[in-house]
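Following this line, the structures themselves.
First chain A sits with chain B, and in the next complex the same chain sits with chain C.
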Partner chain A sequence: MITEIAPAPERVEPPPTGTRGRRRAWDEAPRWQIYVPLSIYLVFTLIPFYWILLFALRPAGSTSLVPWPMTFEHFEKVWNERAFGTYFQNSVLVGVSTLVMTTLVALAGGYALARFDFRIKRAFMLALLCTQFVPGALLLVPLFEIFANLRMINSLSSVVIAETVFQLPLSMILISGFIRNVPYSLEEAAWVDGCNRFTAFRIVVLPLLRPGLIAVGSFAFVHAWNHFLFALMFLSDQGKQTIPVGLNTLMSADSVDLGALAAGGIIAAVPVVLVFAFIQKWLITGFSAGAVKG
Partner chain B sequence: MKISIRRSRRLALAVALGSVLALTATACGDDGSGSAGDKGDEGSGKGEITFWDNNGGVRTDIWKEIIADFEKKNPDIKVNYVGIPAASAQSKYDTAIQGGGLPDVGGVGTAMLAEVAVQGALEPLDSRLAKSSLKGKLSQNLVDGSRAAGGGDKLYQIPTSSNNGTLWYRTDLFESAGLEAPTTWSNFYAAADKLTDKGKNQFGFTIRGGEGSIAPALDAAYGQSGITSFWNGDKTTANDPKNVAALEKYVALYKKDTPSADVNNDFTKMVAQWDSGTIGMLSHNLGSYQDHLKALGAGKFRGLPNPTQDDGSRVQISNPVDGLSVFKSSKNKAASWKFVEFALSHEENSKFNKSAGQIPANTDAAQDAWIQSAEPTKLAAEALNGNGTKIVQLPYYLPDWNTISKADNEPNFQKVLLGKMTSKDFLDTVAEQLNAAQVDWKQNH
Partner chain C sequence: MAQAAAVAKPPAPPRRRRASATPRRLPYLLIAPAALLMLGFIAYPVISVFYYSLQNYNPTKPWRNGYAGFDNFVHAFTDDPQFWDTLTFSAKWVIVEVGLQLLFGLALALIVNQTFVGRAVGRALVFSPWAVSGVLTSAIWVLLYNSQTGVTRYLADMGIGAYGTSWLSDTATVFPAAIVADLWRGVPFFAILILADLQSVSKDLYEAAEVDGARRLQQFWHITLPHLKDAIVLSTLLRAVWEFNNVDLLYTLTGGGPAGETTTLPLYIANTSVDAHNFGYASALTTVAFVILLFCSIVYLRLSKFGGGQK
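Then we have the complex of A and B:
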């Protein structure tokens, strides 16, 4: 029988003088000191987005600064004529598969790093960090040869594996930090109650890792979603290519259809924006926990 | 705390299951066989071949149309089309040459021909062309240019199209300012000055300062200096004092008659700001015609060949030529060549170039009616074939040409625009690198 783990005693918070002091300073500060810098910052961040929306929604040839009359012809063109529907499906498949594989392997590796001591652990951690300094382009030809020998060229699985491999080191380090933050005594208590290691991990540790898993998973997804090089090099069949490659095909050697490019850019950006909007809270919690307490 | 390692079978099972599911979902692939070392095979002339389009996306529709025509005429051959983004074509070829996965036939422009040919990846096509129905049907100038670009001895590319430098100008702005068409360099500079009104955000010209800036800069230098050969013995004429003076005059337009943001202009930004702003002239090529037409509408702009000198003579640099190559590693060279022959036939080559807005390599296609009604293409064809034009052949055959004309010197041209480097120092640097590359090429050729 598994007993419920008693909730940790509530932490006694220090008197909130500092917070109150900051709140008072916020209340007393002239509003312009806050909103003017924020507005300037927003101008720089939002104008490019507005520019993309403008080109995507106004008719070709229009020089209007507002997207009116509004048209969806560019979206129809990229989705139907330029096969963005297919690219989108492929990108989702690559992104989700990379997310699943990265998270699963990073969980296993991260658990080992956090809970076990072994002789080359420090060297292994150092090696993991060092792999972050190797650009993907440098390993392109060896990776290509490996996948060719495995008969995996022109298969989405080659892209998924390559993306996972490049995502794993940082993900494992992050996850191991999260696992280290979970008191080992919780797992031990679960063992005493009859759980084996996996069940204890699944029931006790895993729920506490949610912020970390969301952070790692979302970054794996977004990186795989946006990555261009592996998809370009390992995939040849038009029906297997992904959104970043599709976007690049909208720019020819001598001409570029800006309306279609902007519409394609929005299609590419929407999932990423949605992912970040959905996981924002978890993401900040996850990264601060993994970074500070590791 | 040290803990004994007890492997959890269920955890391992979950990881394995997840991996298997992900890999299964993403399907199987192939071995991407075919690298530069493979000798390939003539094949039966039937079966499947793979074609890489080095300008995928924009040209996808027209190539698929040509492939459909080909498969209809040759029902025992299937062509697999692969569109590659133009900006990444070279790296895709380079990776495939090293790692395998080359196509049977592919689009290879003269700008990258030498680099691909020098790695031994391409099949010489001289004897096939000599026995082909295409013999005598292709522009001899273009065939000679293709041969030269591949190194000079063998023909590694069958040209499909010729592009040409084009000075696009806004007829509405010229008319309202009472200016003559910029047919000469004098008219060009006068118009650039007169059309500039910085207070109204109106400029006479937009200069290419970012990616791809070297060829337009050399075009302007040779066009004004009137020097007609790129080499004087084994030394380049790029840094000839006349070219230096011409480049100084051209560069002086920056900020005076152009937007200051031009220092970062690649063709995309340059074309976009010309199409959506109030800028009198743009120096690009025939390829952006459709963009201008969509953005400005017919009647508001014209495209002329590069300006002439005051005596009417025109000097311009050679433009990269698009073409098709058969890869040495192909297991079906016979079918690949059939496809090349078909794509270069009168009807198909005309269809392709009408769509691309370029000048057909097939001489019969170059006489077709659509060229007479497409003014920029017609004028470019006349300029290329006319007696009044001298073409300065850029050394595309040098394997280092792309490096010298891009990564090595584009930042230097930006320094020239920003006044941090003189035109003379810039051209001297380019010349020094080119001379060294030429010596190297001669020693190894």
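Then we have the complex of A and C:
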């Protein structure tokens, strides 16, 4: 999957030279050709966000198109009465556990893939790719039976394991790419200085992997935070459920409380938006490094 | 797949081997946790799906359980109109979604790849729905589409359409309504992938093309698009598989309705196993879905000559 890991530099702007004509034709489309379609698309992107904010902040029954007078009644209601406080804790627990497990397991595997030639490596890589075609949704029944046999139904650990397993292949491929990006000679130099392999990895390689690990870890967190089906199937106890399941419950009620739904949706979005704002820069480089390069 | 793996053999830098520092068992120890997890929670379930597909297996009707041969498959292909309906709808859903997402994603990536004032903010905003979950997307579009206080109400205020219109419960409008909701979240995915790949197009190519007098549209056809080809093939394939398998959005937005109008094959399978407890039949349908996915993927990779270009 990964042949080269370009350091994926931020695009360097062409120096504004005075030579007219050169570079201009491609780099500088007429301004309106950029701003008009971009604005139209932004309207499509942003109206839904505005809509949910509007419903969350305006009083129940209001039809005003501006959230004024502003109220937080929906948030209070959804957090306390609809148990989103509990769901939030559960979701954080699932997200963070998935992040830690995925990162550690993928780090070990990714290191092996990046640094060793071993007999089953090709087969293993192929298996990793194949898992991308395996639909988690279609394995619900056998997974349910496995967790039932392990007596893990209704325990958050079942969701953590399921999320981790389906996150692992891509994470491992990405991490092995990041590790390959670190020159082997750095590690070897540390061995000469008397470090064993693990210490050399920890002192020399790990700090250089930080951006990559942040990207992979956040990715795992966001996926686990967002994912719905495993939690819906494996957790029947209401006190164990996660935020997406809570949202679904709000939506499938006979008469949907739109204000509560909007407030719940915003609670669901906040951590993801924060993580996303934090990692956006690495996300594009991470993708171009690991996932797309043939 | 095999091709992709063959290409993937990295041009490994010459490595010095130090026998003392690399015990032969170490790589196996390192991949063991990942391998065990994947064996236990992916490989084993897959095998058990294949096994159950040949069984009558329904926990609520244990007296009928047992070996069924290919009965489940025969039933699906000859005697189950719902199977064909949901399969057709899945195909329609995947083709329309992936096609439109590619089209808009490509256009968007080309736009935000230009140099202009406000590019960083523009990119961030354009990409923002990408991280929103399927369930949250549903929640947002339920708010937009609801018949009382949704957009239709304000459109009706302006004299467009009637009050009380609910696009999600009308069989004529539910498909486009669901498509738009999923596009909202899906387009940024393509835009991000294509933008990432655009970074690596060599500037020299464009300069050379300009010297030769190529216009911008010609440059797009002859330089940009060929360069993007592998990325486009791979991302459309991954996305198609993902769109086929993903049930979050339709499950929560329409629940497969109205009148089963938006039930995909995976949704049907989920209903068959979870509501009807007919695990054997659901497993057979799952097997069929696997085979179809695999077959379509191979054909697609062959037809598109994936990895054939030089990169």
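Everything below uses one rule, namely that the second predicted complex is superposed on the first by the 242 of 294 C-alpha atoms of A that agree within 3 Å, B and C clash if a C-alpha of one lies under 4 Å from a C-alpha of the other, contacts with A are read in each partner's own complex, and residues count from 1 in each chain.
As a working rule, a residue touches a chain if its C-beta (ideal position, glycine included) is under 8 Å from a C-beta of that chain, and two chains touch if they have at least 3 such contacts.
For clarity, every value in this text was computed on a predicted model and none was experimentally measured.
Asks: Classify the contacts of A:Val94 with the two partner chains as first (chain B alone), second (chain C alone), both, or neither.
Replies: first
Asks: State whether A:Ile34 touches chain B only (first), chain C only (second), both chains, or neither.
Replies: second
Asks: Please indicate which partner A:Ala148 is in contact with in the superposed arrangement: first for chain B, second for chain C, both, or neither.
Replies: So A:Ala148 only meets chain B here.
Asks: Of chain B and chain C, which one touches more residues of chain A?
Replies: Of chain B and chain C, the partner in contact with more residues of chain A is C.
Asks: Between chain B (first) and chain C (second), which does A:Met251 come into contact with in this model arrangement: first, second, both, or neither?
Replies: Touch status of A:Met251: both partners.
Asks: Quick check on the superposed pair: does A:Met172 touch chain B, chain C, both, or neither? Answer first, second, both or neither.
Replies: Once the two structures are laid over each other on A, A:Met172 reaches chain C alone.
Asks: Scan A:Leu138 for contacts with chain B and chain C and give back first, second, both or neither.
Replies: Second partner only, chain C.
Asks: Looking at A:Arg197 after the superposition, I want to know if it touches chain B, chain C, both of them or none. Which is it: first, second, both, neither?
Replies: Both partners, chain B and chain C.
Asks: Which chain A residues are contacted by chain C in one complex and by chain B in the other?
Replies: Common to the two interfaces on chain A: residues 63, 105, 108, 115-117, 140-141, 145, 161, 184, 196-197, 233, 248, 250-252, 256, 258.
Asks: In the complex of these two chains, what residues of chain A are touching chain B?
Replies: Where chain A meets chain B, its residues are 60-61, 63, 81-82, 93-94, 97-98, 100-101, 104-105, 108, 115-117, 140-141, 144-145, 147-149, 151-161, 184, 196-199, 201, 232-233, 236-238, 240, 245-246, 248-258.
Asks: Over in the complex, which chain C residues touch chain A? Could you list them?
Replies: Counting only chain C, the residues touching chain A are 1-2, 4-5, 7-13, 15-16, 18, 21-22, 24, 26-28, 30-31, 33-35, 37-38, 40-42, 44-46, 48-49, 52, 104, 107-108, 111-116, 122, 124-136, 138-144, 146, 149, 151, 153-154, 184, 192-193, 195-197, 199-200, 203, 206-207, 210, 215-216, 219, 230-231, 234-235, 238, 241, 244-248, 251-252, 255, 266, 269-270, 273-274, 279, 282-283, 286, 289-290, 293-294, 297, 306-307, 311.
Asks: Inside the complex, what are the residues of chain A that reach chain C?
Replies: Contacts found on chain A: 1-3, 6, 8-9, 11, 13-14, 21-23, 25-29, 31, 34-35, 37-38, 41-42, 44-49, 51-52, 55, 63, 65, 105-106, 108-109, 111-113, 115-118, 121-122, 124-127, 129-143, 145-146, 161-162, 164-166, 168-169, 172, 180, 184, 188, 191, 196-197, 222, 225-229, 233, 244, 247-248, 250-252, 256, 258, 261-262, 264-265, 268-269, 272-273, 275-277, 280, 283-285, 287-288, 291-294.
Asks: Help me check something: in the complex, which residues belonging to chain B touch chain A?
Replies: So the residues of chain B touching chain A come out as 1-3, 5-6, 8-12, 14-15, 18-19, 21-23, 25-33, 50, 52, 55-61, 80-88, 91-92, 95-96, 98-101, 109, 163, 267-268, 271-272, 276, 284-291, 294-297.
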